[in-house]
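Following this line, the structures themselves.
Consider the two complexes below, in which subunit A is the common component and subunit B and subunit C are the respective partners.
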Partner chain A sequence: MRAFLAGAQIQLRFLRAYPDAAIPFFTAPMFSVIFQMVFRHAGREDLTPYAAIAPVFIALWWLALFNSGWTITMERWNGTIEMLVAAPSSFAAVVFGRITTTTLLGVVSFFETWLVARAIFGTKITIYHPWAFYATVFVTLFAMAGTAVAMASLFVLARNAVTFSNSASYPFYVLGGILVPVSFLPHWIRPVSAVVFLSWSADLMRAALQAAPMHEFWFRLAMVAMLGAAGLLVGLYAMRVILTRVRGTGELGTT
Partner chain B sequence: MSALVSNARVSWYAIVSGANDYWAIFTLKSWVFGWCVRMLSQVSFFALIGKLLESDKQTQFFLVGNAVMIAAMGATFAMNMTTSERGNGTLSLLLASPSRPVLVFASRGVYVMADGVFSALLGLFILGPAFGLHFPFPRILLVIPLTALVGMSAYCFSTFLAGVIIRKREVTGLLVNATIVILMTLCGINVPVSFYPGWLAWISRCLPITNGLEAIRDVIAGAPASTIAAHVGAELLVMSGWLALALVTFGAFVRAGQRDGSLEYAA
Partner chain C sequence: MPAVDVQEIRRIFTPRKREPVVALDGVSLAIPAGEVHGLLGPNGAGKTTLVKILSTVLLPSGGRAFVGGHDVVTETEAVRPLIGIVFGGERGLYTRLSARQNLEYWGALYRLSGAQIKQRSAELLERVGLTERADQRVEEFSRGMKQRLHLARGLMGDARVLFLDEPTTGMDPLAAREFRALINQLKGEGRTILLTTHDMVEAETVCDRVTLIDRGRILATETPRSLGSLISRFQRIDVEDAPREVLEAIRAIDGVSSVTTLEDGTVRIEVHEEGATTLVLKELVDVGVTAVKTSLPSLEEVYVQVIGDRGLTV
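Here is the complex of A and B:
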């Protein structure tokens, strides 16, 4: 726990020091404008919940993904990764602490996105199922952080984590149905979407913003939690295996 | 004449240097399975909105707009290459050389821009048929030089911005991403320019992409040659304007940095 909190603390300092950390807080409202414009131009104001949710997922995914990618890369560039791995504290706990901190900050994008929609387009976002919505947000943040830990463990082995980070955005936005539901994707790709927690999470959040009753809420929420937990467990296990291996071969700073 | 040859040689070395940088970032495998998959996903992400709206016309609108946006995005990424000189500690050496910095910077990212144009066309011609769109042949071939024009225009804009931020390397990532999303919002990528309020439409027409993209949409729609030519002319004008601005201001930004010592080896 101490390592987790230390990771969280150092991450807050990093976020203050690097302006790049503010990227999603600028792009999320802009994406909100784009999606609102699109649906307004098409005369489909009924799709407002779609436009309200997608930019938030983009911001959260960006934060989790680039945070995990850059965490490892920055440690390498700074020449501190060997010391961090050699320290008695858990490397995974420090990384998870850093990722969780940034992911939690992503909640700000909800307010930004909805404020922009309100200020520019006069769009009012109504949460019809508040408890379901808040529960989904909470579990989604956990799943986002868990998945990011899995990514981080892969990035330990990647020579250039940033290249992978840059590539893992839109493929997951499509597979996760964050704007256009998975039901619009070709049939053959839907089984892949089913194991991406974003698809369950985005569907739930959209449903919570619509007046119609929500079906199978607990099952869908459990799927988000389960996939997030799976990501976390896989990530922690992979990180332990990888670290043991690269410490043995002396490739930690060079892989 | 000798100055021209000298400039051409400097420009060529800068292009080769940029290309080498680029292939140090990407291998063929990471380009195909990383960048290419991401690019196709990005265009699909927006084209799928057309499916959500149950409109083939909208699908085509989003697909064409966002495929062309890839060219502009590549051009904007070139900003990273110019400012990386600072990170590599080579900026001071470059500024001390007798060559004009703007010449090097404007050439160094050409390869990224060319890659963006190629990717845009790849996205258009792979995903167009995949989304059930029919492109008129051989007229569609005109899209190739027009996409290159959009890429070059965005590149001139990007070179101007690279000069603006040359003293603030730490904000490059933020500016690159902000520029991309602003261009996506304001350049008629996802809604027609006529949807914007008058003053915003005017701004939109002064930005790269907008006019060139309209020319591309006109080519696909089979519009008269005069209409296409008007949009091409407007894009050329916009490109020239941003290029001129880059050429005029770049030196001033560099000199200001030299005066106040903000062009250190690595920020």
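Here is the complex of A and C:
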């Protein structure tokens, strides 16, 4: 727990020292404008929940994924990764603390996105099922951070994790049905989408913004939690295995 | 029980599409608690590789190593709280954070409580003379200040065994002297220190014993005093266009070990006694030979001769 908190505290300090890590807070409102305009032009006001949720998910996922890559790369560039691994605290717990902090701050993008939708287009976003919505947000943030730890363990193997993490974001936007519904994707890709927690949580959040009753809420929420927990457990285990491997190859500090 | 015990450690790196490189080839070393031990050798000798293995961040290809009696491969959780690592150079610090923030972070990673972190970071900043700059970004620090902060960081966990990997690299002489004074203070506290360096003066100033290492093999372990006298005894003189009869006279001087002609025609004269160099130079200058260059042999060359003379085994 102490390692997690140490990671969280240092991440807050890094965010002040490296403001470029906050780019999604500037891009999220822009995406909101683009998506709102596209749907309005197409006469599909019924897709407003997609326009309201998609920029937030893009911001949250980008923050989680980019920070997992950036964390590993920065420690390598700094020459601190070997000292971190040699410290008594768990390296994976520190990374989890850092990613969780950034992801939690990503909640700000909800307010930005919806404020822009209201100010520019007069679109009012109503949360019809508030408790379901808040619960989904909470579990989604955990799943984001957990999955990002799994990605971070892979980034330890990559020489330039930032490039890898940048390119890894788009497949998840598609598979998660963040903007384009999963039902529009080819049949063969849907089973893959079902194991991506984003697809479950995006569906739930959109459902919470619609007046219709929510079906199978607890089951769907449990799927988000389970996939997130699986990501975290795989990440923690993979981090241990991969660190042992790079200690063997001598590539831990290699940039 | 030695604080650091290295037994027949081997480390082979296998780069992609290249031949394997033997970085350490059966290194054995025992460092008693409280000793400042120098690991002296040229670049690529295997010094940093050994430090990385002892720091638990690199696995050996063979052999075993213990810190505080714990195996560095199988008991990393017991080893890590005992050690502090200080690397030389610009890297190893978060330059956009302040000195205090750097130390606080490492204190948390060494599982100190909030109060302990505050107290220890303040004490260490005072000790390394950075209290006035504690809240300044590290990127504004000089090389010497960064190195002192490195040392403070390595001490946040109150390590009993410190690995200092070329800590004075790139420092100006004054900063290096101050840093060595700090190492002497740490020695006074009974900490065990393994210091890697390729600077003979540094080894002589702070180390109780020095191990010479080259190409992954230990050449010898001595006190710095014996090393210093050995090196000053052995010298070599390269001469161009010296008359044959003068070279014969030089060969007869006491303390001259050999007179050999190299492939490019230069004659190399090697001496093994203090004062012999002066006599050789006098002979040469008397007959007007001025194309003369004197140099010290490499540490390895000295040791090969010394070990041969003493009949010791490496």
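The definition used in the following text is that the second predicted complex is superposed on the first by the 253 of 255 C-alpha atoms of A that agree within 3 Å, B and C clash if a C-alpha of one lies under 4 Å from a C-alpha of the other, contacts with A are read in each partner's own complex, and residues count from 1 in each chain.
One rule holds in what follows: a residue touches a chain if its C-beta (ideal position, glycine included) is under 8 Å from a C-beta of that chain, and two chains touch if they have at least 3 such contacts.
The shown structure was predicted, so the numbers you read here are calculated from the model rather than taken from an experiment.
Colleague: Looking at the overlay, what does A:Ala87 touch: subunit B (first), subunit C (second), both, or neither?
Modeller: The second partner, subunit C, only.
Colleague: Where does A:Gly79 make contact in the superposed view: on subunit B (first), on subunit C (second), on both, or on neither?
Modeller: A:Gly79 sits against subunit C, while subunit B stays out of touch.
Colleague: Of the two partner chains, subunit B (first) and subunit C (second), which one does A:Tyr18 touch, if any: first, second, both, or neither?
Modeller: After superposing on A, A:Tyr18 lies in contact with both subunit B and subunit C.
Colleague: Quick check for you: in the superposed arrangement, does A:Asn166 touch first (subunit B), second (subunit C), both or neither?
Modeller: Once the two structures are laid over each other on A, A:Asn166 reaches subunit B alone.
Colleague: Looking at the overlay, what does A:Val180 touch: subunit B (first), subunit C (second), both, or neither?
Modeller: The answer is first: A:Val180 touches subunit B but not subunit C.
Colleague: Quick check on the superposed pair: does A:Ala3 touch subunit B, subunit C, both, or neither? Answer first, second, both or neither.
Modeller: Only subunit C is touched by A:Ala3; subunit B is not.
Colleague: Once the complexes are superposed, what residues of subunit A are shared between the subunit B interface and the subunit C interface?
Modeller: 18
Colleague: Quick one: in the complex, what on subunit B touches subunit A?
Modeller: For subunit B paired with subunit A, touching residues are 25-26, 30, 33-35, 37-38, 41-42, 44-45, 48-49, 51-53, 55, 58, 170-171, 173-174, 177-178, 181-182, 184-185, 190-192, 195.
Colleague: Using the touch rule from the top, collect the residues of subunit A that touch subunit B in their complex.
Modeller: Interface residues on the subunit A side: 18-20, 22-23, 26-27, 30-31, 33-34, 37-38, 41-42, 44, 47, 50, 160, 163-164, 166-171, 173-174, 179-181, 184-185.
Colleague: Can you name the residues of subunit A that touch subunit C in the complex?
Modeller: Against subunit C, the touching part of subunit A is residues 2-3, 5-6, 9-10, 13-14, 17-18, 77-80, 82-89, 94, 244, 247-250, 252-253.
Colleague: Using the touch definition from the top, list the residues of subunit C that touch subunit A in their complex.
Modeller: It comes out as residues 13-14, 52, 55-59, 77, 80-81, 83, 85, 87, 89, 91-97, 101, 105-106, 108-111, 157.
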